[in-house]
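As structure tokens, here come the structures.
One chain, subunit A, links the two complexes that follow: it is found with subunit B in the first and with subunit C in the second.
Now for the complex of A and B:
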């Protein structure tokens, strides 16, 4: 499943950066996500009042939604089914309507069970250095040959 | 000395099932719109078929929408006053395609304590395996909840 913009295993090296990808989780996007998720609205992800009850500074982006934003960094780079494993830790609440900067750094490349595997550190930060989410991704890339 | 954790260990080895959940094109496209996912194979059936898929495919994290539809028991952990979603892991095995019917099976994977600069936290990890109508495992998802003193 490759295309002309495909990244190939032979093209990547240790230390290569992926991204940055900038995303914004809008109020509307969070409401739509919660509706699809089946999380009754209002909730701490959509409402100031509900967020205050949960002792949050304001409505936050659901972890599963933030993770979905992070996954795009990899699928944009590796292709729609290149992401094999994404493992993240939620470090700080992710705010609505603010730029979220998503980056990756390749820290290992190897062949495993006949598959070209690229391992990356992935990170979601704010524009003022907030480290919202950290994690690791395993990516499968095709060979040129 | 290691913290002796008190919780319901009888939950180990028990599977909690839910579904099947029908994954429709509309669901995938609504998911994409909420996260501004514009990838062609996720949104355009012709592009997906041209790329070799049976239909439009779901982004790899779509299955996380279904995790909380599995009714999970309280593990009765005797630790901490607050709990929060500490982390999540998605291991994709094969793409979910529009029209698939996905079943979920969850079990308690582990409970462990970790002590850092901010004190001790206890992590409760549930693992959910998603299987499609062909019997193929499409993804494993681990959700980690942290309990803090």
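Now for the complex of A and C:
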């Protein structure tokens, strides 16, 4: 039996796009994330002063928070158990309170040890062409049969 | 012939694309009606003498050439037709090298070094020229860079127009799906790195965006 909300391996092709998912990491959202994460506040993610000490132009979004936003793109598409690996490169600091556009592109599909594996390029950009984070995700998808 | 003159495989520390993924993606582009003949892998601060991509190139019908992207104190430079002699004379890992010495050494060894993304804010050649630095050996620059932020390619355009430089195009891809977004269109056949340098020195080339290669 198939689920109409589930993405299946047979349905994807090289070049298919995933998203976009638009998120904003607000000041409050970053504070909440740091609190949950256990990172003492204030820190360079929440305070102008601490950010300046780290030679940053302002408080930035924590890397793990950015990764969690990127992971959401994949889990929204593939289901909560689909994401096997997310490997990213941080190219620019991710700012608070600005739209973050997250997109994916399927660049490989293959079967490995009986598993249906999809590889995607993933990208977090700004609205003015900033490339904050690039990376790849490995996704496992179920088969229709 | 359409060549992407600047892309990075996983041999560069900040890339997440294998060479085979690039070649698979080029098949996707071809299916969409675009023309791609070859790519040049320009790994950061190194040259992969030991890597042979000829079998992959044959399998996918794409010419795969090798080069380098070197850091200098005057920005990044793409080097084509790297030889062992050049690698003996220049420390590819030296991020403070003088680009002028690199260009002269490249020329001496039959290679060619050109500024990458000269309009890039903070690190592009334009920044250094604005401070009064001069580069008499620069004749060609990477005019169209697929990784550029708004305004950067425009600064490269202004540089080319004001200095009379010739301009190449390239993707600067670090992900498979970014390869060949910008390329260089050559008026002659290119089979290897020596041909590439000859084609660049001929001056018969122009930068293009992928969309301009569509055959449909």
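The working rule: the second predicted complex is superposed on the first by the 142 of 145 C-alpha atoms of A that agree within 3 Å, B and C clash if a C-alpha of one lies under 4 Å from a C-alpha of the other, contacts with A are read in each partner's own complex, and residues count from 1 in each chain.
Here, contacts are C-beta pairs under 8 Å (C-beta built on N, C-alpha and C of every residue); 3 or more make two chains touch, one makes a residue touch a chain.
These numbers were taken from a predicted model, which means no experiment stands behind them.
> Just checking: does A:71 make contact with subunit B only, subunit C only, both, or neither of them? Give me first, second, both or neither.
So A:71 only meets subunit B here.
> What's your read, subunit B or subunit C touching more residues of subunit A?
Larger number of subunit A residues touched: B.
> On the A-aligned overlay, A:36 touches which partner chain: subunit B = first, subunit C = second, or both, or neither?
After superposing on A, A:36 lies in contact with subunit B but is clear of subunit C.
> Check whether A:130 is in contact with subunit B, with subunit C, with both or with neither, and answer first, second, both or neither.
A:130 contacts subunit C only, not subunit B.
> Kindly classify A:8 by the partners it touches after superposition: subunit B alone (first), subunit C alone (second), both, or neither?
Neither subunit B nor subunit C is touched by A:8.
> So in the superposed three-chain picture, is A:87 touching just subunit B, just subunit C, both, or none of them (first/second/both/neither)?
both
> So, does A:63 touch the first partner subunit B, the second partner subunit C, both, or neither?
First partner only.
> Could you say whether A:23 touches subunit B, subunit C, both of them, or neither, answering first, second, both or neither?
First partner only.
> What part of subunit A is shared between its subunit B contacts and its subunit C contacts?
On subunit A, the residues that contact subunit B in one structure and subunit C in the other are 87, 89, 135.
> What part of subunit A is in contact with subunit B in the complex they form?
1, 3, 23, 25, 29-30, 32-33, 36-39, 63-65, 67-69, 71-72, 75-76, 80-81, 83-90, 135
> Once bound in the complex, which stretches of subunit B touch subunit A?
Listed in rising order, the residues are 27, 30-31, 33-37, 39, 41-42, 51-53, 57, 59-62, 64-65, 67-69, 84-92, 94-95, 142.
> How about subunit A: which of its residues touch subunit C in the complex?
Of all residues in subunit A, those touching subunit C are 14-15, 87, 89, 91, 105, 107-108, 119, 121, 123, 128-131, 134-136.
> Subunit A touches which residues of subunit C in the complex?
By the definition above, subunit C touches subunit A via 14-17, 21, 24-25, 27-28, 32, 147-150, 174-178.
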